[in-house]
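Two complexes are shown next, each including chain A; its partner changes from chain B in the first to chain C in the second.
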Partner chain A sequence: MSALVLISVLGVVLLYLGLFGNRGLLAPVGIVGLLAAFVFFAADWQLENALFAGLVQFDTYARSFSMVLIVVTVLLFLFGIDYYAKVRENVAEQYALMLFSLIGGLLITSFSNLIVLFLGIEILSIPLYILAGGKRDSFRSGEAAFKYFVQGSFASGFLLLGLALLYGSTASFDLPAIEAHAASIGTGTDMLFLLGLFFTIAGVAFKVAAVPFHFWSPDVYEGAPTLVTAFMSTVVKTAAFAAFYRFIGHMQLPEAVHTMLILMTVCTLFLGNIVALRQTQFKRLMAYSSIAHTGFLLLAFLGFDARTPDVLFYYLGTYALATVGLFIVLTLAKRAAKGDEHIHIFRGLFRSNPWLAIVTMLLLLSLAGIPLTAGFVAKYRVFVLSLANGYLLTTAFAVVMALVGIYYYVIVIREAFTPGERGLQLVVAPLNWLVISLCGIAVVALGVMPGLLRM
Partner chain B sequence: MEQGIITAIRVVPLEHYLVLSFLLFSIGVAGVVFRRNTIIILMCLELMFNSVNLLLTAFSAYHSDPRAQVFVFFIMLVAAAEVTVGLAILVMMKRNVDSVDVNQLNRLKG
Partner chain C sequence: MIVALLLLIPFITALALMFLRPTQQAKNVALISTLASLGVVLFAWSAYTGGTVIHYNMDWVPAWGLRFVMGYDGVGLLMLILTAVVFPFIIAAGYGEKLQHPSLVNALLLFTQTFLFGVFLAQNTLLFYIFYELSLIPVFFFLLYWGGEHRRAITVKFFIYTLLGGLSLLFGIIYCLGQGAGFNGDFATIGALNFPLSTQIWLFWVLFLAFAIKLPIFPFHSWQPDTYAMAPLQGTMVLGAVMLKMGLYGIIKIVLPIVPQGVIHWQETVIVLALIGAIYGGIIAFRQSDLKRLIAFSSLSHVGLLCAGLFAWNSYGVSGSLYQAFAHALLVVCMLYISGAMKERVGSSEMGAMGGLKLRTPRLAALFLLVLVNAVALPLTQSFVGEWLMFAGLWQVNGWLAFAAVSTIVLGAIYMLFAYQRVMLGPDKWALEMTDATTRDHLVLVPLIAVTLFLGVYPGPILDLVDVPVQQLLSSLSLN
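Moving on, here comes the complex of A and B:
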């Protein structure tokens, strides 16, 4: 409770700071506030904590995910100091909107009532629609904002329809009551309930960009400002997956829904990895890579045993770290290339900045899932989990797709290690250097000692 | 008074509300998918939300449970917030391309 209030107030404080022109204070105040919220979560670790008359349950699961969300937001704020250094107006609003969006993320990782699920998703999304259009004069930013808005609201409509049908079938919005109803149906059919589940899952799947609800993601990733893209692919994805698992993790799913999940997993794995092969723009590549990772995460869902939350947690945490680092490197290279986002811009990185090139390589290898990096352990755990639950063919397919995926990450690494015609002129602010290095070291450390990141 | 409204709602069978809501929802979906004018798209999104409101109210009356009606208020609130943001984005788009046709939005591809 205290953390939720703290972050909300923090957003308002940042708006006031911006109003009175204290631009230098924005990020530091935001970071201090977020760290305080982190301590609030860490301090009452083991307490069952029901808020708002039981609508929200901050159990261990919710707390762990909340802490990851906050840490990633802190990293992005550290990046923001340099990112917004040249921007003259509306900086405070951007920070504040990110905080408000984070609140939505915290709510959907901890909901135990479907009303909160809907409200959380909307609180998460509505600031993002604005953030995606953050560059007011840029056509691409506007287009991204509009596409995200229309498709996001469209998905919200389906989510709502799903929730209404679930309510019609169970006469309750409480998650435990709905789980009890699902168990009581057993092998029988309840059309209303089934449709409700379908539409609700479709609404949530949109947020995690699972095929066939992924159409927004490449366009929005490309058009939105890089910091916002990083926010979407880390904080939003983590929160949405936490919510997704919280919704269906303890539910006895009807056979049809289960089949739909398997189909969704296979399609997501296939499309994400295959389409990523022919991307040349780095942000689009990251968008398809993000879809591919959604596929691997969905694979962990199919099992539904006691280890799933841990596997998800580790995967999402390490994925977020690698992604944040890469987007910072992209911003630096993009500046040096005067706004170009083609993967050529990394050419000559090793010559001009060896350490940065090595860290970039580590981050990419982690996303690809090469041993000794965290990404490998994450993928390995997912595969073990789904094998243990008897999804032999699906797992085999996922392994093949993981191998295909290595290709498009290695292409970027090759660019970074190819000497360019002229030297790459990178200006690296100390804070950015620190965050990138931190991400790189963390990815290796977590890969060697996976026990460090657990719920 | 209150009981009167609930009896009045229950005069019509639940299935009719379901069909009506689905119909309205489908009109909304079709509008978002097929219309090219962004203002119409916004209106159709509203239609989708409000058809769900209708459905929730009907369920609420049939289950004799007020919680869904409270949810309807939340949905109205969220819909208002969304339209505010949507219109702002629309104004930004109008300023950039001087049109409200979605076909103008085609520069992000790959």
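Moving on, here comes the complex of A and C:
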């Protein structure tokens, strides 16, 4: 409760700071406030408290995800200090919008009433529509904002329809009541309920960019300012997956929904990985790699057992760390290349900036899932989970797709380590250097000692 | 202690080389490190009394079923000896190479050695897999940076090809871990898995694919010749002498215990494939005009034979295969070293450009001949012992297969002698002075040749080492 209030107030404070021209204070105040919120969450660890008459349930699950969301936002704010250093206008608004979006994220990781799910997703999304258009003079940024807005509204419509149908068949928005209804149906059919589930899942799947609800993601990722892209692919994705699991994790799903999930997983894995092969623009590559990772995460959704939340938590946490680091490297390289985003801008990075190249390699290896990085443990655990639940062929398919994934990450590594060429001279601000190194070290540390990151 | 030393000596040296960049002393430092590792391994060998020695046995992340178990048995020790013996010579071969950034080269080689030790020390399937994949990474960068023509494409092909096998293996391992039945991934409990035959039949290929690519056996070999030919000399040595032995080791340690019936079911198929590769490699080797490519294809041929011998699954075949694995490692290093020495003098490894070199470099010619004798498996050489055992093993399976296997020896003799003729004999094309074998050449080649000849006369030490584990392995096979 206190953390939610704190972050909301923090956003308003930042707006005022911006109004009175204290630009230098924006990020530090934001970071201190977020860390305070983190402490509030940590202090209540293990407590179960229901807020707002049971609409929101802050349990260990919600609290762990909330803390990850806050940490990732802090990292992004640290990056923001350098990122917004040259921007004159509306910086305070951007920070504040990210905080508001974060509130939405916190709500959907902890909802226990579907109204809150809808509200949370809207609170999460509406600031993002504005943020995606953050570069006002950029055509692509405007396109991204508009595309995201139109498709996002469409998804919200789906979600709302789904919720209404669920209400129609269960007469309640409370998650426990809906779970009880699902259990009472058993193997029978309740068309209204089934359709409700379909549409609701579609609405959530839009946020995690699962095929066939992924069309927005490459364009929006490419057009939005890099910091916002990083925010979308980490904070938003983590929150949406947390919400997804919260929604269906304890529900006895009808067979048809299962089939839908399997199809969605297979298509997401296939499309994300295969299309990523053809990408030459790094940001688009990251967009498709993000879709591919959605596929691996969905694999964990095929069958649930006690390990699932922890597996999701580990996967999303480590994925966010690697992604934040890579987007910072991209920003630096893009700046040195005067706006170019082709993967060629990484060429010869090892000679011009060895440490940065090594960290980039570690982050990419983690996304690829090579042993001793966190990404390997994350994938390993997802595979263990889905095999334990008996999805032999789907898992085999995912393993093949993991191989395809390795290919496009290795291509980028190869660029960075191309011999004989001196790459662009990147200017690395000390804070950025710190964040990137932190991500790189964390990815290896969590790969060697995976027990460190758990619920 | 032994395990920790083996992992830490090369690893710390590599880190030091990478960050301190002592360009002048890099090769010396690396050489000292590999010699220290060799000392540790020899000490372990002298202290070894049989059975499986476990040094560490602990949970890594208990909740997720990750365990950290390190140790070795006879077969593992043989592989450790092989790695430790070969690496000082690989580092020494670098003295003749003019590669840029010697400290990085040696750091990558030492990283590779660390992970190879890790592979042979791991006593848990998942730990084995982790080291198995890790060993690829330094090699990837080594090839990417110091490789020859088309290195960018070939390196990625090699990497992806090998990872295809690796991921397939991972899938298999996870599948086995999920089956419970008292199996926690440790080699000690690996026999507890008792899959029905129908499962074993497909699971065999899932597990075997990784090692089939690594070795490589026909038809999974297409990455190998290009990679071997393109790689810098030391890279080819690492790949050919040590890394492919991981395949052999993996088959013995993982494939056989998990799917014994699958192994028997596919036995003849694998032998036939392996022998096709052996004969095909021999024929292609004969057609090569480049000495290094010739060695690459001859390696393909030898490895096919190794795999065929192993899949005889009787004590002759398995011991012979392991023995020959050791012989092959030394042989590959010698052969490649000589091709490097010729390239140093002539400027390319094209055999068409050579000829008559015996007149200019008689000592080197003599050393080459001694290596050649081992390569064609003449009696009293190490290869003869290994190959004879493998033929005897194959004979017990099927006479015709043994016949096909023996024909590779004939092929080997043809292409090796033909190569020698083109390089060393004939008219003197090079009417200019050329340095004969230097002290360094002698220091590398003479000890290796001496070992091969000694073990050719007295194979006892190595055969004793693997005898007990092989017997255990085979008895487990007959139990099933």
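Rule of thumb we're sticking to: the second predicted complex is superposed on the first by the 450 of 455 C-alpha atoms of A that agree within 3 Å, B and C clash if a C-alpha of one lies under 4 Å from a C-alpha of the other, contacts with A are read in each partner's own complex, and residues count from 1 in each chain.
Note that in this section contacts are C-beta pairs under 8 Å (C-beta built on N, C-alpha and C of every residue); 3 or more make two chains touch, one makes a residue touch a chain.
The shown structure was predicted, so the numbers you read here are calculated from the model rather than taken from an experiment.
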Q) After lining up the shared chain so the two structures overlap, which partner does A:Ile126 touch, if you call chain B first and chain C second: first, second, both or neither? A) first
Handout entry: Partner chain in contact with A:Leu403 - chain B first, chain C second, else both or neither
Key = second
In this superposition, the partner of chain A with more touched residues, chain B or chain C, is B
Touch check for A:Gly142: first (chain B), second (chain C), both, or neither? first
**Prompt:** Looking at the overlay, what does A:His342 touch: chain B (first), chain C (second), both, or neither?
**Reply:** neither
Self-check item: chain B versus chain C as contact partner of A:His250, first or second or both or neither
Solution: neither
Note: in the complex, chain C contacts chain A through residues 60-61, 63-66, 126, 129-131, 133-134, 137, 140-141, 144-146, 152, 155-156, 159-160, 163-164, 167-168, 170-171, 174-175, 177-178
Counting only contacts in the complex, chain A reaches chain C at residues 365, 370-372, 376-377, 380-381, 383-384, 387-388, 392, 395-396, 399-400, 402-403, 406-407, 410-411, 414, 417-419, 449-451, 454
Chain A residues touching chain B in their complex are 115, 118-119, 122, 126, 129-130, 133, 136-137, 139-140, 142-147, 149-150, 153-154, 156-157, 160-161, 163-165, 167-168, 171-173, 218-219, 222-223, 279-281, 284
Touching chain A in the complex, chain B uses residues 18, 21, 25, 28-29, 32, 38, 41, 45, 48-49, 51-52, 55-56, 59, 63, 65, 67-68, 70-71, 74-75, 78, 81-82, 85-86, 88-90, 92-93, 96-97, 102, 105, 107-110
